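One structure follows; several queries about it will come next.
Labels run A, B, C, D, E, F, G, H, I and J following the written order; every chain starts at residue 1.
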C-alpha cells in the first residue's frame, strides 16, 4: 500500500552545525535502511528546496506513522501524507 | 530527468456522459503509450479524489509540456509540476 | 485501518430538484449499507454546511478509494482524506 | 453534543527534553481521564504529523473550552474546533 | 449557548430577479421569526459584501444546524460557524 | 457604529509566567472599563483557542484604533477588523 | 472617516456585450457623482486587472455600505473593505 | 522599467472551438507586435499549465495597463503583476 | 506614477524598547521627509493593526525600491506593492 | 532549459550585521560567477521586498538544484521553482 509524503526540513536557529551534520548522518542511515528493506520505495529532492517527495510501501497507517516518526530529523520536519490507490490507466 | 505532476480533473457541467467516457478512453490510450515508451514512469490515484500524482521522465521542460498538453483531458485538468533532483540519501 | 474524510457537496446549477432528491436517496442507501457492513464507522454533519466528516475502516487505500468513488454523489463532492494512526494516549 | 477538534502540537525551541517528556506524561493522564469520563470519545494520531483528531462529547461550548484549555500542552497547541450535528444518513 | 456564523450569499447565474426577490422576502420572515424567538440574537451586514455575521443562541449543535439549514437561502450561502464560550473578561 | 474584531493572542517565547499574568490582569481591567463605558459591547472566547471575537461601538475609525492599540496585550495580538452595517432583516 | 476598498469585477458568462457596456456607463455616472460629492476621494485601476482600489470618505459604516451596494455593478463585484485611521507619521 | 506578469488563461465553457482558435490567432499577432516593438521582452510557457510568465519593458504603469488590457484574450486571463527593480548583484 | 504599498511591521523578540523607540523616531523623520518631497502622497494606519497603506508617487520601479528599502524599519516590515494606473472613471 | 525561481531572503534573528554583510559579499561573487558562466540569465529585485526573480539556464534538474543549494545564503532563502517551456507566441 503506497503513500506519497512531502517532507520539508526546517532546523531551529539554535542547532549547531555539528548537530545538523550529525542529524543528517543518522537520517541517511535510517533512510537507506528503509530503502533496503523496501519500505521506502523512492525519495527525490524538490529542486531548490530543503524538502523531498518520498513514496512509502507499508502495510498500515500505523506502520507508516511509526516509520515517519522514527526519522532522526522528524522533530524538524513538516510532513504531509497522501494515500495513493491504483490508477485505472496504470499498466503496472 | 524526473518531474512530479499532480493532475486534478474537473469536467465542465455541459459535457455529456458520452463525451466523458470517450475522453477517458482516449486518455487511457495516451497514458499507456507514455508508460510503454518510458516517459510516464508512475501514475497513482489520489485516494478519494479525481486526481493523480504522476512521475515523468523527460529530456527537457519543452518535452514535458508537449507531453502534458497532449493529454486528451488536458483542457479539463489543473496540473502542478515539481522538478525533482537526485536525493543524497537515495540508494538508486 | 482508519481514515478521516471530509466530504463537501456541491451540486451543479443544472441539476433539477428531482435529480437531487433521487441522488440523496441513493446516497442514503449506499451510506447505510457501508455502515451496516462496518466500513463506515461514523458520519457526522458539519453544523451549518452541506458537508460531513466520516470515519472509514478499510483494509487498504484501494478499498478506500473504491468505496469513496462509489458514492452516488461522488461526482459532486470534494473529498479530502486523512490517514489515522493509533494515538499513544488512546485507551482503546 | 459532539465536536471534532484538530490539535497540532508545536513546542517552543527553548523547552528542554525533560520538560517535553514531563508535559507528555501529564497530557497522557489528562487525556485518559477525559476518555474514562466519556468526554473524549475518540483520539487518533494524524499519520506523519505531531497532531491529532479528537471527538469530544460535552454539554456546552463552555465545557468544551474548559476541557481544551485544561490540556497540559494547551499553550503549545493550535486547536481548530468543528461543531458536529447528527447526519441524516447515520444509522446510530 | 452562543455561536458566531458568517454567511456569504452567492446566487447561481440562472436565478431570475423575481426568484431572488421572493427568496429575500422568505429569508426576512424566517430571520425575523428567529430573532423574535430569541434564537438569532444579532445579525449585522458586513460592509461592502453580500454577507452577514450572526450570533445564534441555541441548545445544541443539532438545533443550530436545523436552524441554519432551514434558511430559505441556505442552498445559496456559504456558512462558517464558530462556537463561542464565555470570556473571562466579560462583565456580563 | 459597530465593528467586529477577531483578536488572536500569541506571547513571545521569552515572556515569563509572571509577565504574562501581569499582562492578563491589566488586560482585564482595560477590557472591563471599555465594557462599562459602552465601547466594548460584547466579548466572547473562541472555543479551544486563545482568541476572542469582540464587538466595538465607536464613533470613528480613529477611536477604534486608539482603543485597540491601547490594549495592554496589543503588541502580542493579531487583530482583524470587520466594519458592520445595519442588516435589513434585523428587528432591532 | 476613510475606508480603503478593493473591488474586483467579474461578469457572469451570460451577460451580453451590450449589458456590460450599459452597466459600465451607469457605473461611470455613479462613480463620478460620488467623486464630485466628495464621498469617493480616489479611485485607481490595479495594473493588469479588472479591479480598483478606492478611498471613501464617509460618516459611518452604514453610509459606506449604502454607497458600495448602490454601485450598478455591485452584484458582479467582490469588495473587501479596510477601515483606515490617521497615521502618526502623516503630515496632513 | 520592467514588470513580471503571470497570466493564466481560462476560457468560459460557452466559447466554441472556433472562437478560441480565432482568439489565439489574434493573441499571437498582438503578442508578436509587442515583442517586435520591444515592449514584451520575454514570454515563456509555464510547463503543464495554460499560463505564461512575461517580462514587459514600459515607461509607466499606465502604459503597462494599456498593453495588458489590450490583449485579445484579456477578458479570459487572470493577470498578476510584479514590479521589478535592478538587482545589486546583476552584472547587466 | 503611483504605487500602493501595504507595510506590516513585526519587530524581532530581541529588540529592546529603546531600540524600537529609536527606530520609530527615525522612521517618522524619513516618512515626513518623503511626504514633504512629494514622494509619499498618503499614509494611513490600518485600524487595529501595526500596518499601513501608503501611496507613493515615483518615476520608476528603481526609485520606488530605493525609497522603500531606505525606511529605517525596512528590515522589520513585510511590504507588498501594487502598481496603480489611471482609472477610466476617475475625474482627476 | 529555463527555470524561473523566486527567492525570498529571511535571516534568523541571531545573525550579526557582520555575518550578514559577509554573506551578502559571498552571494554577490557566487551570483556574478553564475551570470558570467551563462547559468544565471537574469536576476531582478522584487520592488519593496528582500526577494528576487531569477531565470536559470541549465541542463537538468540536478544541475539546477546544485546551483541553487550552492548559494551562500541558501539556508536563509525560501525558493520556489517554475519550469519554463517555449511559448508558441515567442519570436525568439
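Brief remarks on what is shown
Here, a residue touches a chain if its C-beta (ideal position, glycine included) is under 8 Å from a C-beta of that chain, and two chains touch if they have at least 3 such contacts.
Quick caveat: nothing in here was measured; it's all calculated off a predicted structure.
Any chain that touches subunit D and also touches subunit F is listed here: E.
Across the assembly, the mean Cα position most removed from that of subunit B is the one of F. The interface with the greater number of C-beta contacts, when B-H is set against B-J, is B-J. In this structure subunit C contacts its sequence twin subunit E using mostly different residue numbers, the overlap staying below half. Taking the options C-E, D-F or B-J in turn, the interface that duplicates A-C in more than half of its contact pairs by residue number is B-J.
Superposing the C-alpha atoms of subunit B onto those of subunit E requires a rotation of 145 degrees, given to the nearest 5.
Relative to subunit A, the most remote chain by averaged C-alpha coordinates is G.
Spacing of subunit G relative to subunit I, judged by their CA centroids, is 23 angstrom. The geometric centre of subunit E is 39 Å away from that of subunit I, both derived from CA atoms.
Here the CA centre of subunit H is 29 Å from the CA centre of subunit I.
Under the contact definition stated at the top, the residues of subunit E that touch 2 or more other chains are 2-3, 13, 45, 47-48, 61, 64-65, 81, 83-86. You'll find the chains touch as A-B, A-C, A-D, A-J, B-C, B-H, B-J, C-D, C-E, D-E, D-F, E-F, E-G, F-G, F-I, G-H, G-I, H-I, H-J, I-J.
Residues of subunit C that touch subunit B in their complex: 3, 5, 12-14, 61, 64-65, 68-69, 78-81.
Note for the complex: subunit B touches subunit J at residues 1-3, 60-62, 64-66, 81, 83-86.
Against subunit G, in their complex, subunit I makes its touches with residues 2, 4, 27-28, 31-32, 35-36, 42-48, 52-53, 55, 82-92. Taken together, the subunit E residues at the contact with subunit G in this complex read 13, 45, 47-49.
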